[in-house]
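In the two complexes below, chain A is the common chain; its partner is chain B in one and chain C in the other.
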Partner chain A sequence: MYKTTGFLSFALRRFTGVALVMYLLLHIWVIGSSLDSPEAFNERLNFLQSDLFKVLEIALLAAVIYHAFDGVRLLLVNWFKITEKRKNLFYSVMVISALLVIAGGVPILLFMLEGK
Partner chain B sequence: MRIFQIQRITAVALLVFMTIHMIVVHYPPFHIDFSIIAERMTNPVWKVIEILFLFSVLLHGLAGAYVVLTDYKQVSRYQKIVAGVIIVIGIAAFAWGSLTVISW
Partner chain C sequence: MSENTTQKKAVVRIQRFNPEKDKKPYFQEFNLTYTRDTTLLDALHEIKSHQDGTLTYRRSCRHAICGSCAMNVNGKNMLVCNSPLQEHLTRKSVVTIRPLPYLPVIKDLVVDRTKFWEQYLRVKPWLISAGDDPEKEYRVSPDEVAALNTAETCIMCGACYSACTVVGTSENYIGPHALLKSFLRVLDPRDVGASERLQEVGTSEGVYRCHTIFNCIDACPKNLDPTKAIETLRNLAVKRLAFEEAKKKRYQTIRLKVE
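The block that comes next holds the complex of A and B.
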């Protein structure tokens, strides 16, 4: 059971989901508490562009993209009754996610390495 | 309404909102600035979109958290307390987030 794609997608979905909801609450608080002035906002934005946060941002991007495409996979399987395709769709989700994370992550890394 | 149905409906809404969010806020990369967002936020349509986004993402995220938590046998005994705490967090986060959007 623990080696099936079904279990893997279930575990990844829960892990990314829990991480994303914790990020969401932090995100709502961070934005709301930095609106005293444009300077205060931009200052906090600068703080969030340190290297540590850039790396975390790539992880965030990966979590969002994987969770979204895995969700699309579930909706497709459920609506079109194509349970027999779910495994192939899981591999497609992995490939699409990897490509999109690279496409989005490389600019973030370059920004981090080349300076602000 | 069953949580399963809530998750399906909000998932579809989030696909739309998340795509808009990624393109409008994060593309092109690294040009987030107070003035850019402030300019967009002068349009009330954007405020409505942001509040709908906030509502669906909180509903989806917190309903998901509730399912994950109550899946544990030890936690499921306190199902009602968990539900109560999550609803309070949801209302507080929605109020805080909406005020942020409105006052921008």
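The block that comes next holds the complex of A and C.
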């Protein structure tokens, strides 16, 4: 295996992409139950109110943000042919993603703690 | 004693594999002394000449131009003939040398490059002329020459090919080395085979298989940029017919200037 920042970004992109597909299946499982009955929908929604899923929500947020910004990074490189900036852009994506995950994750954590 | 002749000690870890004896590759350590001017290839020569004559590796020109001695040093592909040993030593004075990744190992540091050359031939890396070549040379513009220079200095060492994650996962991928050569010929105003070249590379085995991981750029010992070439080929493959027309006109221009 050839490990570089490019490989790391590729691996993260793949991993978050698969994770988002998994999330979509879960999402359809919950929303799909609303076609059965209000009780079935509430039951599945309650299942997702646990602390574990609150933490996973932060992970979901991180996956969405990284996947989106890494895609934008590739578009910028492809469009403007700025391959020489590839590492700077990757580090920028990581910093932006980290800041946004903190900005979005802290309220989720506070909401989770308030509920206790 | 001057600085460049001061002798220091180093440990060279080499991945060994003899298919006739070994079930799987293993690492062997060799102790040697080096000076400031010792290259990694010098170290391999030292080991082969004085410690273990069975050590097998490729090398030829020792001037970073033949591309024979590309190897994986501390996880990075490079030419060992122009890489100083001391620059690649860890704090414990150890350097690890492996064969190029993603390629079948024939013995020790020698890999089987059959697939590499097969993919290279797929893109017809030679110039396809119109058949009415003039006796004088063509006069192409400085901009065109500058564009071609970004690909022309490739020495076919295989560092980019074996660094590419897609090569490791997709057997039929043409590879950055061949796509760079295709880029060279497609942009060459003297070449008249742009259309068939773009049809060959504009597929899921060509430019659309690249995941823009950039390993090829990081690995290239000549500082070339195969990723940028692949991006250019992607754009040209989309507008192939228009590009073909523009190229025909350009060829007529340079052809007329010769006469």
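List of remarks:
Please note the rule applied: the second predicted complex is superposed on the first by the 99 of 116 C-alpha atoms of A that agree within 3 Å, B and C clash if a C-alpha of one lies under 4 Å from a C-alpha of the other, contacts with A are read in each partner's own complex, and residues count from 1 in each chain.
Going forward, a residue touches a chain if its C-beta (ideal position, glycine included) is under 8 Å from a C-beta of that chain, and two chains touch if they have at least 3 such contacts.
The structure displayed is predicted, hence computed values, not measured ones.
Once the two complexes are overlaid through chain A, chain B and chain C fit side by side, free of any clash as defined at the top of the document. More residues of chain A lie in touch with B than with the remaining chain of the pair chain B and chain C. After overlaying the two complexes on the shared chain, residue contacts for A:6 are found with chain C alone; chain B is out of touch. Look at A:30: by the touch rule set out above, it reaches neither chain B nor chain C.
In the superposed pair of complexes, A:60 makes contact with neither chain B nor chain C.
In the superposed model, A:100 lies in contact with neither chain B nor chain C.
When the shared chain is aligned, chain B comes close enough to touch A:108, but chain C does not. The superposed model places chain B and chain C at 90 degrees from each other around the C-alpha centre of chain A, with the value given to the nearest 10. With both structures placed on the common chain, the touch criterion links A:86 to chain C but leaves chain B unconnected. The least CA distance from chain B to chain C in the superposed model is 5 Å. Touching of chain A by both chain B and chain C, each in its own complex, is seen for residues 78. Only residues 8, 11-12, 14-15, 18, 29-30, 32-35, 38, 54, 57-58, 61-62, 64-65, 68, 89, 93, 96-97, 99-100, 103-104 of chain B touch chain A when the two sit together in their complex.
Every residue of chain A that touches chain B in the complex is listed here, in rising order: 14, 17-18, 20-21, 24-25, 28-29, 31-32, 35, 38, 41-42, 45, 49, 64, 68, 71-72, 75, 78, 107-108, 111. In the complex of the two chains, the chain A residues touching chain C come out as 1-7, 9-10, 74, 77-78, 81, 83-84, 86.
Contacts from chain C toward chain A in the complex involve residues 75, 77, 101-102, 162-165, 168, 211-215, 217-219, 225, 227-228, 231-232, 234.
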